[in-house]
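Each in structure tokens, the structures are laid out below.
Next come two complexes, and both contain chain A; in the first it sits with chain B, in the second with chain C.
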Partner chain A sequence: MKYKLKYSFLNSDLQLVEKELEAAIHADSSVLTEASLHLLQSGGKRIRPVFVLLAARFGDYDIHVVKHVAATLELIHTASLVHDDVVDDADLRRGSATIKSKWDNRVAMYTGDYIFARALEMMSEINNPRAHQILANTMVELCLGEIEQIKDKFNFEQNWRIYFRRIKRKTALLIASSCQLGAIATGADERIQRRLFRFGYYVGMSYQIMDDILDFTASEAELGKPAGSDLLQGNITLPVLIAMKNPALKEIIKTVHEEMLKEDMGAIIQAIKASGAIEQATRISDQYLEKAFRELEELPSNKARKTLSQIAQNIGKRKF
Partner chain B sequence: MKYKLKYSFLNSDLQLVEKELEAAIHADSSVLTEASLHLLQSGGKRIRPVFVLLAARFGDYDIHVVKHVAATLELIHTASLVHDDVVDDADLRRGSATIKSKWDNRVAMYTGDYIFARALEMMSEINNPRAHQILANTMVELCLGEIEQIKDKFNFEQNWRIYFRRIKRKTALLIASSCQLGAIATGADERIQRRLFRFGYYVGMSYQIMDDILDFTASEAELGKPAGSDLLQGNITLPVLIAMKNPALKEIIKTVHEEMLKEDMGAIIQAIKASGAIEQATRISDQYLEKAFRELEELPSNKARKTLSQIAQNIGKRKF
Partner chain C sequence: MLNIINDVKELRQLIKTKAHHSYLQKYIEEPFVDEDKLLLLWGLFNELEIPDNERNHYMLSTMLVQIALDTHEKVSNTNVMGSPGLLKNRQLTVLAGDYYSGLYYQVLAEVGNINMIRALSSAVKKINDHKILLYQYTLNNIPDLLNSFRAVEASLIYKIAEYYQKPVWMDGAENLLLLKRLHREKEQYRETGQSLLVEGIRLILFPHIAMEVELSKEQLLQVENTMDSCIEYAIQSVKQSKGELSLANVELHQRMDDMLSFTELKVNSYVKEG
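For the complex of A and B:
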């Protein structure tokens, strides 16, 4: 489900972004080029570039400036996925082998570093100090989110606040910054920049909660990895936190460990699904979406706003 | 051997840089702060900040601008060391336990990422697009150097060109950029910027060759890790390349592997030292130093130039 297939007026601009992405990660090291292209071409939704391009339309749109911002955000996202897979010890991502499983952890680490560095090179085309500051802040928060995720693995006593802060840092801020930086790159009004930031933040929160729900409800074929992978790896997500409000279910969930048998895990997934946790988590995701829509309503009415609204709706309805 | 003790007129400015460094890596995650401070305070020579400060004196010196550049370069260097230790599987660095041995590889990876991100945040204080471009390029080259080092481990057939390109990427360019960025930050004349870049490049090449020599000639106490560690890890450095010109010695060197016994390794180190390789590598290091001095001669004569010259001389004479 690439967004570029759905919003045809963005197609030609997204193609320019793709060209930037491919040019950016071409290295004279063949392992590196292959490892980088591997992930970049394995079917990401390019949601961050889409947000950059759409937010940019609220200012003085110039694709030859904006494409660098769009590519930067996708590269940073890609790099963070590479490092994420090292930490999660994941063998599958988007249905194909991860870099760390195809090569090794060391290659994965430096491939991530390399993609990060290429992102910065790309961003250095943009002559706007505030944009650099926002990007750097976002990357700091991203790292803090990653570290927290390691620290809080299998911590069944973490409170909800910890979860929301973690998904804010890991996901929502990068989407919020995509919107904000798109608007900054084209000199959109400051109030519009801030509104787009908040829109991106709420959409990002909703998106990550849906992702955490789908890890339980989607099939292995849809996810490209086994259902319940998050919990099996010790990542305590919103459906789990909700399910654990039931003390008996909490005791069962606390038995989860990484070497658990597939059947035992299957029973726990069923119990979480039967607990009403999925429905409640969906309602919380929807509340974030509502807030996103309210931000949109205050923006000038144009084609970009309409498309942002459609994307937000799709996030609410998506099945995988 | 901190440079700040030797060049007293830099002391107060270097203290400001230290303050920036400590402020930069303070996080609300205690593991992260501890892990980052751990390396930063374990006795680095701060050679990159010193080069930044000295190069900056060829322009319109303002420590409150320059300190950000100096801290950025040290943070990038520190981050690359953290990731380096993951790749080298090193347990000791500067005589104390590495992050990856004190915590684990995942923490080391994200600590490196976090320090990188903090470096960018620091650099975003500098409003100069060319400076950002140079820094990003340098980071790309640094990553390429790291990847090459992995790829060429235990490759006893690599030619000298590969070695020189690797140390250029891994070490020399960051020192060259330190000099260049110091000069750019204070608006020094462009010819001076380029000359300082070349000075840093030659000094960096000489420095790394000396480092590679000292890995054979210094004691475990001086190095803070066993002598011959580079070779034992498969890093083929200049003394080894020179020693391998002797076919009989090459056959012996090719028997090196990571699980080798300390006694067997000791015999190979002795053979390399007896081959004249150390003396020849030292001559090559000295040739780079000569080139560095020639660049200095063309710079305006001032206290900074004199200090750069002293530092270069110390690199030639250093014993560990």
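For the complex of A and C:
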């Protein structure tokens, strides 16, 4: 994985985080342990722990403290994926069977709740109420973002503000909080904590917009699902919102429904791609990245800052 | 001295207000507040020297966890892909449970009691561990089976009582809530012919008979008698706990008596009906 080269100096610390993760999910029920391990070991990028560890380098770094925050963030992310697969009725994730598909919805719900509880138990090693308030608020916002996504499905009249708020809640805040909490855990200066939060927020926004663009531009093999799947499921993303500025194209896009034939959907994807919406959405994603880089410039120069910058660049360049 | 009637009413309102989400409530059932668990919590906190505001936060967060867990219990395995309404209901049920979990953490984080966060998350962990043990029928003796039901029903209150070093409330909550659950299992068995308790007992008594194979009358009677013995055991445990609990408030005492006699009445009526 490309990311790994960028932060190889963190490898030993990441291994400690990995050990924490594996220890965290050992339960009395062998099914619960197996189900939790099944997802944890299925090749996640561990991008949130990486952000935590890097942000923590701006304070009085102690891996034995920070590892709890890093593992917590990964566990929360994992728990939300387990439940997302029930929401999306998904059979595959990262090329492997989902928990709900390998076992069933019930096992997936219990496993997600178990992992979530383990996350909070681990976070309770951090004796800082503010850190807990930030994480708790992030988790509530994350759920609100998911609920909004369902509420706004096939709502072709939604405005851009709703989209940006949704991706902020769904994606950007967890990355922003990962950075902020890493810095808090090591007692970094408050101004640095805030900058790291904003860096994570901008990177997260850029990342999600790029994800929404790739849904149209990447191949089915790269995505692991047909192109345009988001739109087909009713998720109105930035490229669609931009394309709908053209009234004629909006009328065509409004005909999308879940049972739409592949050929008809293909024609709409082509129309969106030809409209210039992809290029405009890419520019907006890049603008967020620019903002992220500007935040980094104000941080003390060190290896962590350089790596954060490289990760952000990678996000901008990613093809799938 | 706290006033139980006003307090519980106020708490119920507080919980409902906190858990309210207009869009969720449009598509899924309103969160259910388990009043018996609320009463037990109230009884426990009534014995503690904790400021009112803080006490309410703890009860609110504990009930929000319970609501979150109960909400996720409603997520079934049924295939709903052909029915957009049912699909949406399922999706929002999953997310609502997660949302209530987030709220419980948010309430405790606001109070800043990290030890309580640890206690409640440890309880949630235990509850889900035992839910899977029950759901997967992996228990091979009756005490373990009852222990899992006990853990699922009472771990939240148990962990709080443990945190405040109130062992009598730890036992009291476990015994009372076990009895309530067994009673519910029996009722469900009578109504639908299915129950985790009955199926669990069946697999313990007759591990070599596949679930799809019908039991003989004698075997079935043996399963039902074992279920009744479990309930009788739970009744005796509750009676013992009731004697040990120093219930300062008459209303709470009365409520526990009512719960016990109601259960006994039900059990007796089943016996009479054969």
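Note that in this section the second predicted complex is superposed on the first by the 316 of 320 C-alpha atoms of A that agree within 3 Å, B and C clash if a C-alpha of one lies under 4 Å from a C-alpha of the other, contacts with A are read in each partner's own complex, and residues count from 1 in each chain.
Just so we're on the same page, a contact is a pair of C-beta atoms (placed from the backbone, for glycine too) under 8 Å apart; a residue touches a chain by one contact, two chains touch by 3 or more.
Computed from a predicted model, the values in this text were never measured in an experiment.
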Inset, instruction - Consider chain A as the common anchor and indicate whether chain B and chain C clash or fit when overlaid. - result: clash
Inset, instruction - Could you tell me if A:Ile63 is touching chain B, chain C, both of them or neither one (first, second, both, neither)? - result: neither
Inset, instruction - Classify the contacts of A:Ser124 with the two partner chains as first (chain B alone), second (chain C alone), both, or neither. - result: both
Inset, instruction - Quick one: classify A:Met109 as touching chain B (first), chain C (second), both or neither. - result: both
Legend entry - Footprint overlap on chain A, comparing chain B with chain C: 27-29, 31-32, 83, 86-87, 105-107, 109-114, 116-118, 120-121, 123-124, 127, 129, 132-133, 135-137, 139-140, 142-144, 146-147, 150-151
Legend entry - Residue ranges of chain C touching chain A (in the complex, touch as defined): 21, 23-24, 68-69, 72-73, 75-77, 81, 87-88, 90-92, 94-99, 101-103, 105-106, 108-110, 112, 114-115, 117-118, 120-125, 128-133, 135-136, 138
Legend entry - Partner chain C, residues of chain A touching it in the complex: 27-32, 80, 83, 86-87, 89, 104-107, 109-114, 116-121, 123-124, 126-127, 129, 132-133, 135-137, 139-140, 142-144, 146-147, 150-151
Inset, instruction - Would you tell me which residues of chain B are touching chain A in their complex? - result: 27-29, 31-32, 83, 86-87, 105-107, 109-114, 116-118, 120-121, 123-124, 127, 129, 132-133, 135-137, 139-140, 142-144, 146-148, 150-151
